[in-house]
Every structure is written in structure tokens, then in C-alpha cells.
Amino acid sequence: MRPNNRPINQTRPVTITRNYTRYAEGSVLIEFGETKVLCNATVEENVPRFLKGQQQGWVTAEYGMLPRATHSRTQREAAKGKQGGRTMEIQRLIARSLRAIVDLKALGERTITVDCDVIQADGGTRTASITGACVALHDAINKLMADGVLKQNPLKGLVAAISVGIVDGEAVCDLEYIEDSNAETDMNVVMVEDGRLVEVQGTAEGEPFSHSELLTLLDLAGQGIQQLVEAQRKALSE
Amino acid sequence: MRPNNRPINQTRPVTITRNYTRYAEGSVLIEFGETKVLCNATVEENVPRFLKGQQQGWVTAEYGMLPRATHSRTQREAAKGKQGGRTMEIQRLIARSLRAIVDLKALGERTITVDCDVIQADGGTRTASITGACVALHDAINKLMADGVLKQNPLKGLVAAISVGIVDGEAVCDLEYIEDSNAETDMNVVMVEDGRLVEVQGTAEGEPFSHSELLTLLDLAGQGIQQLVEAQRKALSE
Amino acid sequence: MRPNNRPINQTRPVTITRNYTRYAEGSVLIEFGETKVLCNATVEENVPRFLKGQQQGWVTAEYGMLPRATHSRTQREAAKGKQGGRTMEIQRLIARSLRAIVDLKALGERTITVDCDVIQADGGTRTASITGACVALHDAINKLMADGVLKQNPLKGLVAAISVGIVDGEAVCDLEYIEDSNAETDMNVVMVEDGRLVEVQGTAEGEPFSHSELLTLLDLAGQGIQQLVEAQRKALSE
Amino acid sequence: MRPNNRPINQTRPVTITRNYTRYAEGSVLIEFGETKVLCNATVEENVPRFLKGQQQGWVTAEYGMLPRATHSRTQREAAKGKQGGRTMEIQRLIARSLRAIVDLKALGERTITVDCDVIQADGGTRTASITGACVALHDAINKLMADGVLKQNPLKGLVAAISVGIVDGEAVCDLEYIEDSNAETDMNVVMVEDGRLVEVQGTAEGEPFSHSELLTLLDLAGQGIQQLVEAQRKALSE
Amino acid sequence: MRPNNRPINQTRPVTITRNYTRYAEGSVLIEFGETKVLCNATVEENVPRFLKGQQQGWVTAEYGMLPRATHSRTQREAAKGKQGGRTMEIQRLIARSLRAIVDLKALGERTITVDCDVIQADGGTRTASITGACVALHDAINKLMADGVLKQNPLKGLVAAISVGIVDGEAVCDLEYIEDSNAETDMNVVMVEDGRLVEVQGTAEGEPFSHSELLTLLDLAGQGIQQLVEAQRKALSE
Amino acid sequence: MRPNNRPINQTRPVTITRNYTRYAEGSVLIEFGETKVLCNATVEENVPRFLKGQQQGWVTAEYGMLPRATHSRTQREAAKGKQGGRTMEIQRLIARSLRAIVDLKALGERTITVDCDVIQADGGTRTASITGACVALHDAINKLMADGVLKQNPLKGLVAAISVGIVDGEAVCDLEYIEDSNAETDMNVVMVEDGRLVEVQGTAEGEPFSHSELLTLLDLAGQGIQQLVEAQRKALSE
């Protein structure tokens, strides 16, 4: 049995709170069960050097974890003087996922940075980050539309992410920490709302996994993503 | 008139939420009006190298600010690769303030680290950090007492901090950002509950200030600290 | 047509040169067409701190690129003072892939580090690294067996990696740089020799990709991996 | 009794040597007893980025300690690769203190940096730095006046700093190291020559201190500052 | 006897392979016996900031060593986060040596960077680097001439470098590792083809050396350099 | 004519002040004309990790330059976060030079670190550093002898260093800055008191130099070193 008798194809309760802080153009607290991530989108009227003069915008992301978001304290990256490999990998993934739903030409020469800071971690911080960052990005772009800065909406839809994995021989979706740390195979799937794939990152933690296990996991991921997109739609309609 | 017609000797509404996150031995969200700081206390069963074998404990603190806690986005210190001077100054101040209420011998050979992470900044982040960290520290130590790890309580009481300053020629307490950025003189005062002083840090932003202005500010600080200590007591009694 | 009229399911010519340098316990130069990576395996008689006393070994990897492995010069990471996110992501992937074929308990309390340094890059440096590192790892472990240091062989078989992608609407395997930079979807697949999956990392560079495109890509990857495993076997038998 | 039978309200012998090195626009060696700090003021014809185009100048400071300025050798910050929290705190304090006596608009778009390097430390290095830096700053600005670069003098007067503290229950001024390390309360006070306050930084090292102790310390500080200002005036008149 | 019965005034077999990699404007693999260094010259159409607008070019160099170029693995400098003193010293030496044969005015406002990366180290990596970098530089500049970018050849000739030393009381040239690690005196000599000196760096590893020993070493160096210049000429004529 | 009509074979006035600061075991201010370097020797009762358990000591050095030791301000290395290549090169040279006069076995398992900090630079800072560091090292070791910590004196004699160069076609010794910046050839020579060589580092700044020029420079260096050794002897006998 999964914790809380959760069915294998069901995500944890998802809560999306918009306008969580005052200053960001988009500010979302997303909760996947006990995992809580604050996603703040910032609009800046310039682009990174490598895009200067190319009449397009940029969407990027940064990821961080508060030192005591975890069971035991993790050393602060600012104090260590560098971001670790895991942090870099995750923030690159979030950024690519967000760019999948933005027409960068239509965004114009501006940058949107989404900061995803984990307040509390119980598995799935990167998938919660992507799912919440999508809503923060929508809010930030809707603000640019409402302010008349943008005439044409650069958004192509919604993007969400979910983890799936094989735990004790069974495929389950949206793993919490206790499941994640026992998973034989762990896969993060990023999809747009019509079910097409943006990213698939599957890793065999122990034994390699078979083609059919992969298909089972992808199917579960699709079911989970629909629940997440539903939550995003509901939040954005409020 | 102050914003919201606040009297000069009155703090902003103070909210102290205990057990804000799950894992920390003490976890407090403190709000001074729109300033929100998460204070997480972690107990670790070792001491820094310079205290090894001296049969005493240590209390330290780290401070951070989420990139979009501020009106415009501040660069992430982890991405810059170092903590700035302001961050270091503040976290040293928080740590000294907390050590003022702990008998380090009685704490035994363990370290308590309080992480103060600013979720939203509207002036007074260092004073809110100290005031909230005090409560998180109490919770962490009470847990050590309840668990029987400590027989004797190393806590000596409460410590709180407040900013006072001269704005438009008038002395006021607990400055919010709009006041802080216009203050001629800015002073942070840390006191224990009986009104004795732990730290006084006063700075003339423009013209130097007189001895009598200093006395006025100290008096206001004392009034504000009493309100904060009241809020701490109320929170700890719940 | 692909460059050099290569069929879509065929890898570039693969060359594996063992004993490429003198000192490493395993030293392999692997070439996927014009991509050339030197993979050196080093055995050290200790384990990282987090594994001390756990009676198991460790396999890790580092990845680097010579500044002029690329069309235009890339800044040297040692001079910049830090490894970039792409480097960290790749070396973490290589290391996980190698651990999939090693019984770490059977390895004993020692560490094997495989350095993958790209001499020349023409697409697929991470997949060439994994495929070459596997052979270097075999040589290093075979040496431990031959020297009598290990009684039981900790190796479980071969692991190889290939990139597949959709270029101009067509799925192809083992992309070279000119294809890679035009790919709509790019996927790196790591498999053990029996075809089971160790890692799948697929990214939509432009439009999201469909479930059926994913299946096509996985099928192509399987065909490519068989050619790589064949080349590994041939090299190891010489 | 204090070391050398020094009265409680008397500073150590103060020596101010101007033109100590050849190249700096202002170069002062200041000695507070055995504490020796070299203060070199440099004028540069530009301003930091955040002040560009605002028609004002800037005054800043850097602080350093030679490795063997102290009883046992302190690790060189350049070798460690970063400046510590104490260094940052002190150089920020020096800079704020100097800006209190300069009309930055009148300075024009130029920057004066005062480097305070401790040759030998016996307590009070930050107060000696401020007191000496003030003289170096005067020399640098007088040179700009003499050279006709500045028409109007941006200097508003003199600033000096002193430490006061409670040692063995008695309030004393200008603590040397042996006193400083035993102080129950330690306060650094920065004043302009008419006795108004620029900075007050008081810290309870052990027990918190009372309001009346604070007043006693401030009074002592005022007496010490007058002696320092006297020494500054004398040096500048030579 | 020297290893392989090599006469004292003879270099190890020298192999110079041009066009070793595809992208660099000059790409040379140089081998001094078992020491192998890849020297890649890159032309960029800009100059460092300190030369902007001075109508001259710049020649610089970077040096690196693959982690397993050595008997036991050396930590990767990119992972350590900084280049060591030895690396810096060597790359500064290479750069100065190369500038000795280039008329920087005639080069125009462009920079040539030669990356010297040691694939395998058996003593003499810095001398092999200089000798190989000279050939890579020639190739890069010949390409600029052939492409019509340069009308006038900025090259003044060839430069080469050799190590000489006193081993077991006997002066020998081009020390391999086993000799180098036992040398009493070690000297690196950089000469242009007519025998004049560009750099002399001699170090007594044990006892100081006499004037006459210095002369003996310089004479041997001259003989070795002639062999290296011969190898350079032969390679460039192919 | 040289500045101040100085003969070509004569050093600038050399002043050696012992016991310049209070705490260091050896503390020397050395002046070569306007070049002033503070050399502080520190004795510590441990050895670096690579020497642990080998029953020998170590002598090392660090070099730094105060930001305004130079005509225009040089950025502080502690603020930049790393030591530059020139600094590393110089401190490695100083350390090797000092080790030439110490029997490390006789020193026992302790480390002597000599910090050479340039107060004012007018050419020859590295040669002044070595010459002064030698005296500081003697003082530190003499103290160990006087304290009975060492029974046998590990010192083998004196070491000194001088720069020689070709300026306007003429060979001169002990170049000051104005000469150094115009030198065609620049050579630093480190000798022990009997005239044998410890280090020779000659660099052609413009045209390569001939064998006979080298001999002339070495001869001049020998004359200069005798004057420096004389000054060292005189200082040590006071």
C-alpha cells in the first residue's frame, strides 16, 4: 500500500496559491502534499548578452532549497560559494520546460526569470517547481498583456511535470520522499496540456528497466499530468 | 503621518506562526507587517572545530533573502558564488543576539543553527529575524528538554530586536521600507526581556545625530521591544 | 539525406583504442566519427566520506572539454573558476550509467574515477563518453582481477549510450553536430547490453513530441546501441 | 588598574604620520599605542556603476590585516579566496563613517577609496582605521583643491572613532587587546568633531548592559574622541 | 647511464603532428618521448581590454593537464575551482616565449591564444608546450596570410624550449620524469633559432650550482634547441 | 646616466630594520631605495599534509602587495577572490630560495612561513622580499635555538637576490621601476653568500639576448649580491 492509501495513478493533493508574495509579477506557492515550492516570476526589460539584438526574449529559471527544507540540514549554497550539480541540473530543466510554452519572438526583448525556492521538500521538488512556475509565468505574462506592454500573447498553453517510478515492483505516480528513496526506477516527465512530451528523464536507480516498464510509467505520467493541468486551470480561473 | 496612521511608538502587526515547516527542531514564520521571515532552528550533535573539547555548545545563524523578496529582483547569492557584506553583517548580528540568551556550557557539545530566510522584505528584516529566531530557538531547546537530551535548561529568557529611526525629523519605531529609505538616522536595538541591551547599532544616514536624539530613539526602542516580547510570550504559550 | 548518406539507424564509424595513455588503469580513446573522447579510469584505494565504513566501493566520473574541441574556442573551466551546469549534468549522467554495471559491494572499499575529456566535439560527446568509459572501466577492473586484488568480478556487463533525435521530421540515430543543432527533439538513451534501459533523457528543442515519436526514437536507439555494444565487445576481445 | 596605569578616559598615545608612502593621494600611518594601521586614499576619476550619471561622487573603503599583524598568524584572505564577515563589516563601517564628512555632490563624479591595512593589531583596529582614514581623506581632497580639480571643498569636518567598553566592571575608553578580550561590553563610537554621532555599535559580550552603562560609555567615548580630533588637527596643521 | 642509453646532449625522439584536430587554426600534437602535449592555436578578432585601441595584437597561452596525464591522478583544476601556481607560472612562460617571435603591431588588433593541454606527462611538459605551440602559432598565422587577412607576416622565426639539468653529478639535456625528479639542478631554456636567449629559468633543487655548471648547462641547452628547431622546420615543411 | 647617478654595479641604498613588528618570530622591514617590503616569519609546530610523518620541516612563503603600493591603485586580491599568476610565481620563488639555506631535516616537524608584504613598490619587490625574508628567517630560527627548541642550527648561510637587466643597451644591477619598465632584458638572480646560484630567471622583454649579455648580467648580479649579503651580515650583527 502507498502512504495514505493513495491509488497508484493519483497525485498527492495539489494546492496552488497565486499572489503569494507582493512584488513578483507572478508569485505562486505550489504544494504537492508536503512538498512546498515558492515560484516567483520576474520580468526584466533586457536579454542576456547572447541574445542581444536578435528581437526575441528569454525565459530562464533558478532553483534553490532552504537549508532546512530537508530532514537534516543541507549546507547553504551561498555559504559554500557555489551551486551544486543537482541544483544546476534542475534549474536547467525548469527553464527548458517553460520555454516550451513561450513564443520567444512574441515575448519581445525581455527576460522572465522564475525563481523556484523549496520551502519544504518531500519528493518531487522539480516537478512541483515546473508545475508552479508555469502558473507564475502565466500571471507575469498576463500582467504584461493587461498593462499593454505585449499586444500578442506569447503563451502557447500549459506545461506540467510529474515523477513516476517503480517502487516495490509497482509503478506509481507522484512519488513522495519515502517512495522516491526506495524507487528502483525514477522518471520525471514534462508534458504540455495536450499530452505531448517536453522532457522525459528516466533513471534506473538499481536494475535497468524494460521497454514495457517504460510504457507503463509513461501512461501513469499522462494520467498524473492531467490532474496537474486541471489544478493549474482551476487556479488560473480564480 | 506614518503609513496606516501608525503611532510613532507602535510596531506593525506582529504575527508569529510556530511549526511552520515540518522538519526543523524549531520553525517559525514571523511577520512584521509585510516583512516575512522564516526562521528554522536546527540542532546538530557537534561543535565547530574551534570549540572541540571545550565542553560547551554553540549557537549560530545564517541569513538569506529570496531573490524576489524585494521590489526588483536581487541576484541570488548562491549563483554569484559568495555572500555579500550585508548578509554577513546581519547573520553575525543574529547569532550574537541569540547567544545572549543561551548558557553555552549548559547547552553541551551541540550546535544550534538558525536559518533566517526572508520571504518578503518591507524593512526590518534583521530585527524580525532576531525576534523570530528567538522563538525558533526556544522551540528547539524545549524539544531537547522534552526528549531528555538536556536536563538543565540553557535558556536565560527572551531576546527581541527593533529598528528605530528619525524620519522627517520625527523619531519612530519599527520602520517599514518607505520610512527606512527616508530615515536620517537608523538604529537597530536588541534587548532582552527586562530591557537591558544586547546590541545597539545606530547609523546616521545623512546628518550626524545628537545625544538627545539617541536617548529618544532608545526610549522608543524599549517601548517597541515590550510589544515584541509580548508577542513572543503569547506565541510560546499557545 | 543525412551527411555521408548514412542510414537513419546507423551509427557513425566507431573506433575504440585501448591503452591510449600509459598510466591510467584503463585508458580508451573512443571516436564516434569526428567526436573524439579520451576516457581514463583511475583506481584509488579509498572511498568518498559518505561511504566510509560501509564495505562498498564507488564509481564516479568527471567530464571536460578541451577549449578548442569546438568550432570556436570555449573558455577553459579551470580559468573561469567553476564547472558549468552542462558539465555537471553530463558527468553525473556518465557516473550513474557506469554504476549500473558494477556491483559496488563486490568492488570493495575503492573508488574508480573515469575522466572523460573531449579532444574534438562533433555531437554526441556524452554518449561517446559513456560508451568509451565502459571499456576503460572494464580494463581497470580486469587489471584488479589480474592483480588478484579482486577475487570476484564486480562487473555485470556492458553499458553504452546513443543519441537519437528528430531532424527535419525524420527520426535518426547518433546525431552529429550539424544534425544535433537542427534537431526538433533530442534524446540520449543509455542501455545495458540486453537492451534494458539505464537512462532516457529526451528533450523537445522546438515543438513537444508525441508518444509515437518517442517509441520510434527508442526503437532506433536500441538498434544503435547494439552496434556500439558490438564495437565494445570487439575492442575488449583484442 | 589599566595597563600602563592609563586613566579610564584617556586614549593610548596617538601618532599620525602623514605622507607615509609615496604614491597615494593621502597616506597616513596611524598608531593607537601598539595598533598600527596604514591608511592610503586613492582618487579615481569614475564612479561605481550604480552612481553613473547622477552627478555625484563616492567614498568607499577596504580593510585588510597583514597575516602576522596578530599574535598568531591569521590566514591570508587572498589565499583563502574570500574576505571574511569581520573584514566586510569593518570596511563597510569605515566607508559609512567617511561619507558622513563628505558632500558627495560637491565631490563630483569621482571615487575616493581608502585602504586601511593593519600592520600590527593590539585592539581598536577599526577605530584607528576610521581616525587615520579621515586624515588621509583630507590630504587627498586638499590635493584635489590645490590642483584646481575641485573649486568647492566637499569636506564638512573631521570624523574619528573610539572603542569604549566595560572591563572588570569598569567603563574604560580605547581598549587595547588584553582589555578588549576581557570586556563584558564593547562599543565602537564614531563622532564628528562637534560631538554628534555618526555610528554607535555596542555589543554585550557577556551579560546585557543597562541604559545607564550605555550613558557612561557614551560619555567616555565623547572624551576620547576629543583627544583624537585634537591629534588629527595637530597632524593636519603640520 | 641515462634511460635508453641516451647521450647527454640528445633530446628524446621528437614527433610533431600538425592538423591534429579539425577546428583550431593551428593544431599540433608534440611528443618528447612519452610526454605528449596538444597545442591548439585560436585566432580571435579582438584584443584584451588593456590593449584596446592601441593598434596591436596579442599572443597568449593557457596550460592544462588531463587528470590522468600523471602516474597518480591529479585533481582536475576546473573541479577545484582554481588554477594552481604551477599552471599559472607555466602558461605565463609559454605566452612570453611566443610573443618573442611575433611582431604584435604587424599582427593587428587580434588575439592568438594557444592552449597547451598535456595528454601524458613524462617530464618537460612546459618545454614541449613551447616547442609545439610555436608550430601551432606558425600554422595559425600562415592561415591568416593565406586567407589574405594579414598582408605582412608578423612572425620573426622559430622559438623552442628545452630542459637541462644536473643528474647524479652529470649535466644532461631534455630530462624525462625519472631524471627530473632526481635532478640537483633543473633549468629551462627558451631560445630563438639563432641561439639567442628568450628565457632562462634555473633552479637548484638541492645544493646551489656554480657559474661553470651554469655554462655547461647553457651549452647543452643550445645543442638540444638545435635538434628541436630542426624538428620544427621539418614539420613545417611537410 | 642612471637615476641619482648610480653606478651600474651598485645597488640602491639598502636598509634592513629588524624587529619591525611585535609578534612575528622574525620581523624585518627591508628597503631597496623606495621599495619597501615587510617580511614576517612565523613558526608553527606542524607540517603540511604531504610531509606528515617524514621527520622533516618545511619553509614556505606568501607574497602580497598593498593596493596602493603602486603608482595607481591595484585591486586587492582578497576582494577579487584569488591570487594572480604573478603573485603565485613570486611566492613560489621566495619559498624555493629560502629552502636553499635550510636543512629541513634539522628543522624538525615544524613550518616556517615568511609573509612578504610590499608596502611600497619601486621595482625589485621580489628580490627585496628574498633578501629581507632571509634575515627574518634567521631571526626566527635563532629564536628557536635560543629557546632550546632546536639543538642543531638548520641554517646553512645567507641567501640574497638581485635584479639585473639591460636598459638602453647597458647592463645595470638592482633596477628601479623606471629602469625596469624600459629594460630590454630582465633577470632575477638568487645566490648564496659564496656566490653559487640558487635561481636564475632571465627574460627578454624585447629582443632575445646573447650568451655574452647573459655573462655580463651574471657578473653584475654577483657584485650586487655581495653588497646585499654585506647588508644582511651587518643587520644580523646588530
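For reference, chains read A, B, C, D, E and F in written order, and residue numbers begin at 1 within each chain.
Definition applied: a residue touches a chain if its C-beta (ideal position, glycine included) is under 8 Å from a C-beta of that chain, and two chains touch if they have at least 3 such contacts.
Just so it is clear, the structure is predicted and the values come from calculations on it, not from any experiment.
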| item | value |
| --- | --- |
| Intersection of contact partners for chain E and chain F | none |
| Centroid-based (C-alpha) most distant chain relative to chain E | B |
| Relative to chain F, chain with the most remote C-alpha centre | A |
| Geometric centre distance via CA averages, chain E-chain B, whole Å | 59 |
| Chain centre separation in whole Å, for chain C relative to chain B (CA means) | 50 |
| Set of chain D residues in contact with two or more other chains | 81-82 |
| Ring of chains, enumerated from chain D in the sense that reaches chain F first | D, F, E, C, A, B |
| Residues of chain B that touch chain D when the two form their complex | 82, 84-86, 88-89, 91-92, 96, 100, 187, 191-192, 195-204, 207-211, 214, 218 |
| Sites on chain A touched by chain B in the complex | 21-24, 27, 34, 36, 38, 40, 42, 44, 62, 64, 66-73, 76-83, 87, 113, 115, 117, 119-120, 122 |
